[in-house]
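Here subunit A shows up in two complexes: once beside subunit B, once beside subunit C.
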Partner chain A sequence: MINHIRKYGRVLRELIRLRFQNLMILRLDFFGPFFVDGSLFFIQLLAFRAIYSKIDAIGSWGRGEMILYIGTFSLLNAISMTICFFGINGIPSKIKSGEMDLYLSKPISPLFRLTFEYVNPGSLLLIPLSIGIIVYGAGTREGEITGGSVLRYLFWLVIMAFLYYIMEVLIRCVSFFLISTARMEQIEEAGLMLCFKLPGIAMYGIYKVIFYFILPYGIMATLPVQSLIGEMTWKTALQGIATVAVFAVLTAMVWKKGLRHYNSASS
Partner chain B sequence: MNKYREIAKIYMKAQLVWRADVIFNMVFTIAKIIFAYLIWSIIFEAKSRVGEFTFFGMMSYYIVNSFLSQLEMSPRISNEINQRIRNGTFSKYMIVPVNVEGYFAAMEAGIVLFYFIFDLIAAAVWILIFRIQFVFTRDLLTIVCAVLMILIGLVFMVQLNFFLGLLTLKYQGIGTFLMIKDNLVSLVTGSIIPLALFPELVVRIMKFLPFYYVTYLPSMLLTGYNQSEALYGVGIILIWAIAMQGIIKLTWKQYIRKYDGVGI
Partner chain C sequence: MAQKWRKMTNIVETKDITKIYKRYKKKDGLKGSIAGLWKREYEEKAAVRQMNLTIEEGEFIGLIGPNGAGKTTLIKMLTGIIAPTSGEINVLGFYPNDMKNAYKKQYAVVMGQKSQLFFELTVNDTLRLFKEIYEIKEEEFQKNKAYFSRLFEVEELMNVQVRTLSLGERMKMELIVALLHNPKILFLDEPTIGLDAIASKQIRKFLREVNEERGTTILLTSHYMEDIKALCDRSVVINHGLLIYDGKTKDLFDKYQLSKRITAVFDHPVAELKLKKDGVDVILEGEYKKIYNVQKDMTKAVLAEIMQYEPDDISIEEEEIGAVVERIYREGSAVYE
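This part shows the complex of A and B:
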């Protein structure tokens, strides 16, 4: 087991080294994702600032809670962009072109390599930026934040970062079975964009079912914030854990079935 | 003129190849409407008015703005120019016997005309599904001004994106800048929230910029707000379009000689 971990550690170090070499060739694009995503979250902050200048609260959330929400979503996005997004995003093209052969023939897990092959240090700056937004949000809201609630927040953040990752993988695994997954990726983008603007507390009825259980983007930043501000019930927590567990199992099944279905360049 | 009509026709027909894109383009207008519906229905539970908007006024604004934003497809122009200059295939446009900017404008016109009817259907469907009491102005002059502003605004966005695409000749890697521009444009054209919710000073500054008149003011005019700004708005966006044409001419003259047709 220890040897296994060591081996993967060495592979990871090598993948990161190769990625840095590659990024140094295209230096102009190095900080691209930081500026693009940074501007997106900054604009969202401005928009909600304008809305809150006319109202006191959206549901039970005031301005501070909403800033926490935007910061949390930004942090989840930043973690994904830094570690795995660019690698996972390449899955459909690798299946289509048959390049996946190269990943299957190596003595390491193909998903491990795909996950860490395109780490993006240019997005790393998004993490302190997001933490800054979260700290600002915590300072803006009136209620007290305890050490326990911070720990609970971190727990949910890790769980939701995992959910964010498995959703990315799941959506791209569809390419094992279809010629084009462009539509699935469009659904992902639309779902993410909507839930990034709209916290789960604003959802009800069919919208809640869709964005909590079918495309669970609605819970990704909502649950960590609810745990931080002491709004989370046991029922919500259990639902959140169950949703992540179901999607993890589903992703593992689809990935395994997809690999079996894959037949090289003719996929 | 016939040449440009043919280009527009070709692009219009070409859209038929991508039928799934048409359907998804229609369906995805719903994301913006759901956002507006959910967030504003919660807000309006506690208040009957936010700024000058009633709930149905706000929803009507989002329906019209979403429809106009879907029609504004010019970012593909700057992306196409950027890509083609970078890989050396921009020559394709330089050897055809038409004005390059005119080619892109005709291309945009063909695509927009094709999508117009589908986006209109989508807007009507969302009004019915969300049971929105749609607010629409009945003042003829306001409608004429709004339509003029929309047309000039679309032309301006084509010019702007053509100009930004040309900057690749000088600055090479502008892909990141184009993405940031798209983010900013969505804010300053009022696609995220109506600009009227921003502080007075910000709105006053925005009035000097062309983006205020591309989709925001037309949406406001068509839903019965800001009618006093109608004529003034047409004038301002027209001035911006004329100025932008001058900037394009200068940029083209100065930078096109840098293009060597071999890519970067």
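This part shows the complex of A and C:
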């Protein structure tokens, strides 16, 4: 087991090295994303500022909580963009072109390689910027934030970053079974955009069912913030853990089934 | 004659493997498309049909067949990339589609149209990644890298950006990457596709050496008869997914390859050549370029006649693979020991 972990650690190091070297060959490719991602981030902030300058409260949350929420969602997005988004996003095209053959014939988990092969240092800047928003949000709200609640927040952040990742994988695994998956990715994008703007606590009825249990983007930033501000109940926590567990099992099953279903492409 | 089913020395054994793909049969026109929204008809296409194949350790086997014959599908099943619809496969004691890492470490696959190199980086960079993936010790890695870069005569190119390499050089690099971990079996799917005659010849020479020096079992698919003729003692011919010949390459060419194509290019205008021989088909009779299909046993005599007209350049090509396959198919399946 230790040897296995060591091997994956060494492969990860090489993948990151290669990715950095690859990006650094073309300087615009290396520096461009820092500028583009940074600019997009500030444009998003301006949009949120325009929306929330006119709104004092959403449900039980005031401005401070909403800033925490936006910062948390940005952080989850930044982690994904930096580590795995570009690799996972390439899965459908690799399945269609048959390039997946090259991943399946190597003695290493194809999903591991795909996850870390296209790390994106250009999005790295978004992580401290998002943390900055979270710190500002924490300072803006009136309630006290304890060391314990920060630890709980970090725990939920890790869990939700994992949920964010498995949702990305699950949606792209559909390519193993269907030729066109663009609509699935559109649903993902629409869900993410909506939940970026609207926390789960503001959702009721069918919307809550959809965004808590079917496309669980509604809980991704909501639960960490609830844990930080002391609003999380045991019921919510258990529901959150169960949702992540169910989606983890589902993703693993669909991925495995997808590999068996893979027919490659004629050369 | 049926294939013998030997248990001990064979490292590849397949028993009645079949791979069936399902494809949508669309009816013509808009009406057909609308009907297809609700009810679809699918047809089954067998890419490989009940194939029995055994390969012994150290063999160099040619897998021949026209486009769509099922060569690549067979290689993908043997490597575990895809699963057969039915039948049994055993390669080095593994069922390939179990995708066990222990199996993947023992083979390598090179696909002529898919590259595993990082184009913006050097081959040395790619090799480092594969060293870790295959868990190769540093000493062995350095030894193999030195051996193969010397064998393939690319020592000077190991630190050159892959993008700037020629197609032939790139293929040599693909082979080095594939061979780095000393695989027991090397599956080659059209490794010489698109290469010029010199590069193809070099690749053939290196592959022969890998097979002889390292004892690597090689299964090679190629469109080019020259590849198979130069390298493989044994050939397997497949057509429409069926194995139609399994035997000595020499016998295959002696029996089924009946003609050669001669192309003569002149730097001065030459009117119609007065070739006396029967069994010569004129394909092109231009003033500066002439192409003939010549019966194999008459090649020497026809060449001698053409030489009298002082050609600037002359080339002799093996009969194309499709014609040979068609001939075998017409005469019935021929599976030899």
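Rule of thumb we're sticking to: the second predicted complex is superposed on the first by the 238 of 267 C-alpha atoms of A that agree within 3 Å, B and C clash if a C-alpha of one lies under 4 Å from a C-alpha of the other, contacts with A are read in each partner's own complex, and residues count from 1 in each chain.
Methods note: contacts are C-beta pairs under 8 Å (C-beta built on N, C-alpha and C of every residue); 3 or more make two chains touch, one makes a residue touch a chain.
A quick note: this is a predicted structure, and the numbers were derived from the prediction, not measured.
K.L.:
Looking at A:193, would you say it contacts subunit B, subunit C, both, or neither? Reply first, second, both or neither.
P.N.:
first
K.L.:
Just subunit B (first), just subunit C (second), both, or neither: which does A:32 touch?
P.N.:
The first partner, subunit B, only.
K.L.:
Thinking of the overlay built on chain A, is A:54 touched by subunit B (first), by subunit C (second), by both, or by neither?
P.N.:
first
K.L.:
For A:203, select first, second, both or neither according to whether it touches subunit B, subunit C, the two together, or no partner.
P.N.:
first
K.L.:
Applying the document's definition of touch, where does A:46 land relative to subunit B and subunit C: first, second, both, or neither?
P.N.:
first
K.L.:
Looking at the overlay, what does A:150 touch: subunit B (first), subunit C (second), both, or neither?
P.N.:
neither
K.L.:
Identify the partner contact of A:99: answer first if only subunit B is touched, second if only subunit C is, both if each is, neither if none is.
P.N.:
In the superposition, A:99 contacts subunit C only.
K.L.:
List the residues of subunit A that touch subunit B in one complex and subunit C in the other.
P.N.:
Subunit A residues touching both partners: none found.
K.L.:
In their complex, what parts of subunit C are in touch with subunit A?
P.N.:
21, 68, 72, 76, 79-83, 97, 99, 101-102, 104-105, 107, 109, 111-114, 116, 118, 120-121, 125-126, 128-129, 132-135, 161, 189-190
K.L.:
Can you list the residues on subunit B that touch subunit A in the complex?
P.N.:
Residues 20, 24, 28, 31, 34-35, 38-39, 42-43, 46-47, 50-51, 172-173, 175-176, 179-180, 183-184, 186-187, 192-193, 197-199 of subunit B touch subunit A in their complex.
K.L.:
Would you mind writing out the residues of subunit A in touch with subunit C in their complex?
P.N.:
Listed in rising order, the residues are 7, 10-11, 13-15, 17-18, 21-22, 25-26, 98-99, 101-102, 104-108, 259-260, 262-264, 266-267.
K.L.:
Once bound in the complex, which stretches of subunit A touch subunit B?
P.N.:
Within the complex, subunit A touches subunit B at residues 28-29, 31-32, 35-36, 39-40, 43-44, 46-47, 50-51, 53-59, 183, 186, 190-191, 193-194, 197-198, 202-204, 207.
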